[in-house]
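Next, two complexes with chain A in common: one pairs it with chain B, the other with chain C.
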Partner chain A sequence: MRERIKPLLLPIAALLVFEAWMRLAAVQSDSLAPPSAIALALADALADGSLLAATRDTLASAFAGLAIGGAIGLVLGVALGLSHVLSRLMEVTIEAIRPIPSVALLPIALIALGFGYRMEIAIVAFACVWPVLIVTRAAVGGIEPRLIEVARVLRLTQLDRIRKIVLPAALPRIVLAFRLAAGIALIVAVTVEIAINPLGLGAGIMTAQQALRPDLMLAYLVWIGVTGFALNAALTAAQQTLFGRAALTDDNA
Partner chain B sequence: MRHRLTGAVVGSVLTAFALTSAALAQKIQIGCTATSDCASAMIAVDEGIFKKHGLDAEMVLIGINSNIPAAILSNSIQIGGPTSTVFLQAADGGLDLVAVSGASIMNKTSNDAIAAFVRNGITINSPQDFKGRKVGAPGIGAFLHVLFVKWLVEKGVDPKSVNFVEVTFPTMADTIKSGGVDAVLTAEPFVMRMSNANLGTVGARYAAELARTEPIIFYAASREWAEKNPATVKKFRAAIAEAAPIVNNDRDKASAAIAKFTKQPLDLVKLTAPNQSEPMLKPEQLAWWIDVMSAQKMLQTKLDLKKLILD
Partner chain C sequence: MRWSVIAWRCASFVVAAGVIALWQLAADRRLISPVFLPGPDRAWASLLRGFTSGDLLTKLTGTLTHMAYGWLLASVAGIALGAMIGSSKAMRIYVAPTLELLRPLPVSAIIPVAIAAFGLNQSMALFVIAFGSLWPMLLGTIHGFAAVEPRLYEVARVLHMSRLAVIFKIALPSAAPDILAGMRLSLTVALILAVVCEMLAGLDGLGQWVLLSARAFRSADLFAGVMLLGIIGYITALAMGAAESRLLRWQAARR
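Now for the complex of A and B:
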């Protein structure tokens, strides 16, 4: 028990010192608030449902974007991993588009799609295509050649080859890619909301800041951290229960 | 795998939902920033004045004013409250926007509320003292920045000798305190809050010295939407005309509506008078802005005054 408490001592001490400093120095700030005020604001926002509604909006956009972007990345990744010709042909195009920061598309996305889920999903999807594509391409390209030979000997059709040999062999890394992309999806979704989109957790931060409520603003920030942590824990758990040992790769074993 | 499926389902349901709600859009959405300038629309929502005129209207809080023209063109909002400078720059850039009704104008109260607030350790005795200083504006080319540059020019100070940076309103107090900038261009209630916290002094009441009466913010729409919906525009104008006197005469109702929309604490909102609401908008009021902005090289084309305001 004592061993479990030890790692918590430092953060708790830091919070107490911060609280004491804010109170004793009577700091008046529009950006900082004592931890106790943040905790109260967090409880209030949870109680009135506004925080949960914002979390739903952000997660819905992040997951929808992840699904669309991940699917595109997966299909392209498998195609490019299987065909060297295609991979060489697409290399310049992909490497030219990939470095564009997804957030840089915001002005265009706003005029084309307007505020709301559609714009956010489109930007999240753009950001999620690349990690899934790159990792899938590498995973498929790195499949043991003898497995491909087996497929050829069995005279499997192209579709069966992908379904029965390629995907199962590359699955652990693909799942890892999706977990990576899920983290990116949440970051991009919140960023889009902070920059433009008037919904979700990011917009909550901005509204609280403009309403001169640093306590609420920081409560949103803490909540985003909690959400990110929970998301990662849930995905790791899902990965292990759905795929068991097959999901373990060298990278995350 | 299951996660992806759920995600896909949620996504497509949401997209379908967004599409159908856009198709049914009888409702008009009015986008404004968290200031008192659109108080007439806030009152019209809260007091049921839009409803009385047969309009189903709701207000959308927009973080940055310069996003409003793009939001209007994408039909996310049908009517928005851009500042005069944002509107004219958007029109100058080729966005086909048209003003439909007045929102707020400068008057003595609002001009007195504007200040260049200077941090401790710096003394400003004359406009010349701003030379070489780092001055934070809520946006480069924003209302307060353009006014300040106009004031500098009138006082014979070259604006290029002042180093302007962007500092948003909520971060002004902390930026002044840390010495990140020498002065900020701000307005009430921020001036009072920073004065009370002994963060510095008022260096110049530049808006009061300019003493202008032109519009700060007005309601604008895309020309296409406004021409397709003349009846809606007419109802909107009538409702705003009815709500404006309430903003100007009933401080309690106005404060309540502003606090509700901006989510700012009511006590804080009550401290400052809302900007004067003025539903009428005349071409000559925009002429001054065009002159000022052209002189500051913010406009590239020659804007046709008659086309900027809907008849």
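Now for the complex of A and C:
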């Protein structure tokens, strides 16, 4: 029991000291607010629904982008993993496009698609393609060769071979890739909103900052942290229930 | 064997050239409006023009400077803090869980807070980039320290080594792979945050350049900027990879 309390001591102490300092010194600031005020602002924003609506917008864009980018990454990853020829031929092209930071595409998406969901989804999708592609390619390329031989002996068609042998064999690592990509999707979505897109949590925190409401701004910050943590915890739990211990062995891959 | 590798590389470059040719064709046939998609010829011309007569070089160095300062600051702070936390069991129990809790926070969410605290200027960008790049290195260092072979610590105790000696002679070298992996991850984070900060604060840099080009619908300039950002990403990752394999050569030899 005591072991479980120890990790909590530091954050609780920090919050108490912070609260006491803000109250006793009567600090007036545009960037800081006492934790109690942040908690109140958070409760208010939750009660009037603005925070939940913003969360919905952000998560919708993040997941739509994850679905599109993940699907592209998955198809390319399977194709490149199955065919060494294709993989080697595409290497330079992929290595040339991959290092472009996703936010650099922001202005292109802005003039091509305008503000709104579509540009955000496009950028999130671009960012999600790469982790899924790279991990899937490695997972498919590393499948036990005898399984491929079995598929050949059974004279499975190419589609059946992928559906019945390749995807199930590579599934644990593909799910891992999607978990990593989901984290990236949320980060990119929030970043796009903070940088430019008037939508969701990122826009909410920018508005609170510009309205000189440090309590609301920090409440948004806390909420964004909670969202990120919850998403990560939920996906890790899902991965573990799906694959048990097998899911964890590749975690550092 | 070596020749086949080179041949594959060449074939791969040919494919990439084919993709660029397709891009040129799509732009020439105006399949996509030239307002959004300039041909590679126009983007290249704009890149050259930006370097010879424009201020693209200033923007490039601006972005590189932002990245480098923030990243170096984060490296020093991250490794020092990580060593402090990782080398003490008490700190690992009390402090590390809080840090793990903060890990999934999208770091860009700190930007508005930094703007409120510092205003729209260089110190804001420096703070954001350093803060964002800090996490991978900090957690990597802590993880690396925690994973040091326990017998090495026993050896240190037998030899009566001081805590500093243990850190420098045992823990840091054996945590090096984790620390370097964190540094490589941070490099990507630093580039992304540098671009975002330049866009928001209008600091001299490629982020500002691409955004202004887009606002003025100068798509060739925009693509030139994006290509440069890709090149920065590629070269920094390449340099980091080279540094990594050089610094870890002794470990590869041991295995």
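As a working rule, the second predicted complex is superposed on the first by the 237 of 253 C-alpha atoms of A that agree within 3 Å, B and C clash if a C-alpha of one lies under 4 Å from a C-alpha of the other, contacts with A are read in each partner's own complex, and residues count from 1 in each chain.
Here, contacts are C-beta pairs under 8 Å (C-beta built on N, C-alpha and C of every residue); 3 or more make two chains touch, one makes a residue touch a chain.
The structure displayed is predicted, hence computed values, not measured ones.
Peer 1: Thinking of the overlay built on chain A, is A:A25 touched by chain B (first), by chain C (second), by both, or by neither?
Peer 2: Neither partner.
Peer 1: Considering only touches as defined above, state whether A:T93 meets chain B (first), chain C (second), both or neither.
Peer 2: Second partner only, chain C.
Peer 1: On the A-aligned overlay, A:A112 touches which partner chain: chain B = first, chain C = second, or both, or neither?
Peer 2: both
Peer 1: Quick check on the superposed pair: does A:G228 touch chain B, chain C, both, or neither? Answer first, second, both or neither.
Peer 2: Second partner only, chain C.
Peer 1: May I ask you to decide whether A:I5 touches chain B, chain C, both, or neither, giving the answer as first, second, both or neither?
Peer 2: It touches nothing on chain B or chain C.
Peer 1: Please determine whether it is chain B or chain C that touches the greater number of chain A residues.
Peer 2: The larger set of chain A residues in touch belongs to C.
Peer 1: Of the partners chain B and chain C, which touch A:V153 in the superposed model: first, second, both, neither?
Peer 2: The answer is neither, since A:V153 touches no partner chain.
Peer 1: Output check: A:M206 vs chain B and chain C. Expected answer is one of first, second, both, neither. What do you get?
Peer 2: both
Peer 1: Identify the overlap between the chain B-contacting and the chain C-contacting residues of chain A.
Peer 2: Chain A residues touching both partners: 30-32, 107, 110-112, 196, 206, 208-209, 212.
Peer 1: Using the touch definition from the top, list the residues of chain A that touch chain C in their complex.
Peer 2: 3, 6-7, 9-11, 30-32, 88-93, 95-97, 99-108, 110-112, 183, 186-187, 190-191, 194-196, 201-202, 205-206, 208-209, 212, 214, 217-218, 220-221, 224-225, 228-229, 231-232
Peer 1: Chain A touches which residues of chain B in the complex?
Peer 2: 1-4, 6-8, 10-12, 14-15, 18, 33-34, 60-64, 67, 70-71, 73-77, 168-174, 177, 193, 197, 262-265, 268
Peer 1: In their complex, what parts of chain C are in touch with chain A?
Peer 2: 8-9, 11-13, 15-16, 19, 35-36, 93-98, 101-102, 104-113, 115-117, 188, 191-192, 195-196, 199-200, 206-207, 210-211, 213-215, 217, 219, 222-223, 225-226, 229-234, 237
Peer 1: Name, in rising order, each residue of chain A that touches chain B in their complex.
Peer 2: Result: residues 28-32, 60-61, 63-68, 70-71, 107, 110-118, 121, 178, 196, 198, 203, 206-213, 235, 238, 242 of chain A touch chain B.
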